[in-house]
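Okay, structure first, notes after.
As written, the chain order gives the labels A, B and C, with residue 1 at the start of each chain.
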Amino acid sequence: MEAAQVRYQPLWRVRLGLMRKSLATNWELFRDSKIGPIGLAIILFFGIFGALHPLLMSTVWDAAIYDPVTGYDFPTDAQLKQGLTHPLPPSTKHLLGTDPWGRDILSQLMYSTRAEFFLGVFAAFVTVFIGTLIGAISAYYGGFTDTFFMRLADVVMLFPLLAFLIVLSAMINLNLYTLAIVIGVIGGFGGITVVLKSQALTIKVKPYIEAAKVSGGSHLHIITTHIIPNVLPLSFLYMMFNVTGAIFTEAVLSFFGLMNIQMSWGLMVEMANISGYLVGDAVTKYWWLFWPASLSISLLCTAFYLVGRGIDEIVNPRLRKR
Amino acid sequence: MVVDIQTDTLVKVERLKKLFPVSRGMFRAVKNYLHAVDDVSFEIKKGEILGLAGESGCGKTTTGKLLVRLEEPTEGHIFLNGVDIATLEGRDLKKFRRNVQMIFQDPYESLNPRMTIYDTVAEPLAVQRIGNIVERQERVAEMLSVVGLTPPESFLFRFPHELSGGQRQRVAIARAIALNPAFIVADEPTSMLDVSIRTGVMKLMMELREKFEISYLYITHDLSVARYMCDRIAIMYLGKIVEMGETEEVIQNPLHPYARALLSAVPIPDPNYKREAIEIKGGVGKPIDPNPQCRFLDRCPVAVPHCEEAPHPPLEDKGGGHYAACYEVK
Amino acid sequence: MALLEVENLTMHYTTKKGDVQAVDGVSFSLERGEALGLVGESGCGKTSIAICLLKLLPENAKILDGHIYFNDQDLVPLGEKEIRKIRWKGISMIFQAAMNSLNPVYKVGDQIIEAIRNHERISEEAARERVAELFQLVGLNPERMDHYPHEYSGGMKQRAIIAMALACNPEIIIADEPTTALDVIVQDRILAEMNKIREKLNMGMMYISHDIAVIAEVSKRIGVMYAGKMAEFADTVTIFKHPAHPYTYALMNSFPSLRGEKRELQTVVGEPPDLLNPPTGCRFHPRCPYATPPCEKEEPRWEEIEPGHFIACWNPLRH
């Protein structure tokens, strides 16, 4: 047959090309969603913002003054004469001022960004990984497996996560990694499995699954090559929404001082609180103590949400405009 | 197009039954059974196309799925080349799957939207671990040109949504023949296609039958299509085959009262042709725990008192290989 | 003038990729008491025409040209308020798969009563009486009014939908694939019922279908659509026995029949065109076995080649 003489490109190269092509079309849809790119721009901003910190520390910022945890800067004579002491308002030296312990707020803000990213994305990844796997498995097998995981999801959904984390923080050393894993795992067995399972169920009944069975495809083959790839876009979407939840949870725990970490946005707000700057007139007078941190939390969460909505347009074609 | 049908049997179905439990009412304790396929027997010869026709809910699709083991039979035997495949398991089942394939009705749903045409057609080869990557690629290209998707290179790495309905159905056919099966169950493969595309797909399936000696079970609700595709035809009603025989014989000279009513209701694309009207009462019910009598009894225009007492009539040869399941047909 | 007269109707859908030329210069007429068939493959624009006639246009659709005369009144310039008086009462429609659109939580009779009362000021009792009459007209037991849709079979639902379409005594009913989801025996009954109703009420009926056999049985005249254009329009016998357009000819010969000799079925090569970018000249020319150079360049005119037989083709077939 003539066709057999065709010279083929190596398969991986073809696939790479296809992937690039699909990325391009998806990017176009994402771009058309308008709000997606805004979110992405904010995320990019924070990404650069966080990445700049080590750079600044090794070049222009003196560690003794600017270290987000151990730094201290003496007020200048001029400031002392005015009766000013820490926390100092924004100045050219400290663009966002200093905290009650004389540390640079901007440096703290930049330093914490990395942690927030890590926590949010890692926790969301764990959630979605577990959720996708369990969703696909319980949809495909049904029966007891399905009932078990769905009842478990019900329990997890009714579970007071924050209260549990508060108790947990008393029992174990809750740092960023453990928190990410705990949030991720608990999230993974919760509501997301129900959503992803219902998606997997719509795929399970497609004739191409039957075609794979007729060819002799194993359960594993069907789950991995047909069900999961078709659930994955939705998983990715939920991952974006889950980032938001994880960052919020961390902020709340830090605010209560329950986290064993040196610096985070939540902790910055907490420090403003415990040193008595979150009451009465102080709220407006010492705005730099908590506004930058709380704004960053809101902004980053919003950004991931916006990106999620942008991806929504790709995943759910019915949302697209004609 | 005269095809020399060899006399040896490829598929032999014996007293095949499939019951689905249905729960009625608030409490699930009471189990009833839907007799989707009830005591069905037939044979398909090598290279033969047997049409399975009937209205929706008559059990024709379930029969097809039983034959490719997408459904587990409740009772009965399915012999493929003399081997009973109704109870195969594990490795034997997987090996059996090389010999049978299925083509589905909806070409928009039967291809995974996230898989390229290559991956789709190569899937049977991959799961059966046949050939290496290069061989598979060659095989897929060959299959694509066999089904008329030429040049194959231009189709290999496209996605289903870039193809038209007719092209998709050709891809589905390429997937079905990739393992070189002896038997294909085709479930309404052309009913979703446009008229001008449909003929091409029908002709392709006939060509493949000749080229690769494939036998088909051709499931359809459209008797006009069945007339063109099938060597023999079986008409089902509520889980039972009520009539079976050479296609032209069944269509021009139906014996069973249901078959006669069904055939008389098919519109004819000829404004000068006047159909004779054969009215039957009522509509199709569901065979849930049916009475032992003839399934067609309550709608039958020719029923006699004997029909009320006797069990469902057996499918008997009424002469010349024309079978009917009716006491009143002599 | 005919009851319904469509002249040079042109409707496009605006999409991100450009304009879809769904209906392009279509003309036909429908007489009182006549059954007309519109036949064509999916995406040929036959449903779009129906949408134009009722002016149920989606947001991105626009009638660019042409006239729709219903009882000598042009519907094209009419606003939403005026067209409402004509919808249902003048022209009503049985939508494709409408039987699945019955609301499962209301009784079927009540749904029709509500539909009537939305369009006419009439007491509930009077509406109920009307629905009972309609049920009898379409062959349903009026007692069925108080049943829910799930208690209906497919055929019964379709009858209820027909009753609903008849509710405001329209002069024209447009039936878009009225029997496609039904089994043949039920289809046969429904079509016979619709025919009876048409004769009894002397109304115009326009059948839209891809099924040539169904169209052949129910319609007196047929319009064959291809890629947004009317290819041929004539009485049923002419269309089937002496088609002049190569597409009509191919379509007729690709359709299997249960009766008559078993002739070889024809295949039309290629695929229907993308209406975002239809071929130049005659839209059928890339698939046409009789295409000549002019077919590629110039659009064929819509001409009456013999009384009542219209065609748009440079090389009509002669029989």
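Here is the rule we go by: a contact is a pair of C-beta atoms (placed from the backbone, for glycine too) under 8 Å apart; a residue touches a chain by one contact, two chains touch by 3 or more.
Owing to the predicted nature of the structure, the values given are computational and were not obtained by experimental measurement.
Asker: With chain centres set to the mean of the C-alpha atoms, which chain is at the far end from chain B?
Answerer: A
Asker: Of every pair of chains, which is linked by the largest number of C-beta contacts?
Answerer: Summing C-beta contacts for every pairing gives the maximum at B-C.
Asker: Roughly how far is chain A from chain B, going centre to centre by Cα mean, in whole Å?
Answerer: 51
Asker: So, what's the distance in Å between the C-alpha centres of chain C and chain B?
Answerer: Each chain's C-alpha centroid was found; their separation is 32 Å.
Asker: Quick one: in the complex, what on chain A touches chain B?
Answerer: Residues of chain A touching chain B: 1-4, 6, 8, 11, 14, 17-18, 206-208, 210-218, 221, 225-226, 229-230.
Asker: If we count contacts the way the header does, which residues on chain B are in touch with chain A in the complex?
Answerer: Per the stated touch rule, the residues are 65, 68-70, 93-94, 97-98, 100-102, 104-106, 109-116, 120, 123-124, 127-128, 133-134, 137-138, 141-142, 144-145, 150-153, 157, 172, 175, 179.
Asker: Using the touch definition up top, name the residues of chain C that touch chain B in the complex.
Answerer: Answer in residue numbers: 41-42, 153, 155, 183-188, 191, 210-214, 216-217, 236-237, 240-241, 250-252, 254-260, 262, 265-268, 271-272, 287.
Asker: Report the residues of chain B in contact with chain C in the complex, numbered from low to high.
Answerer: 55-56, 164, 166-167, 194-200, 202-203, 221-225, 227-228, 248, 251, 261-273, 280, 283-284
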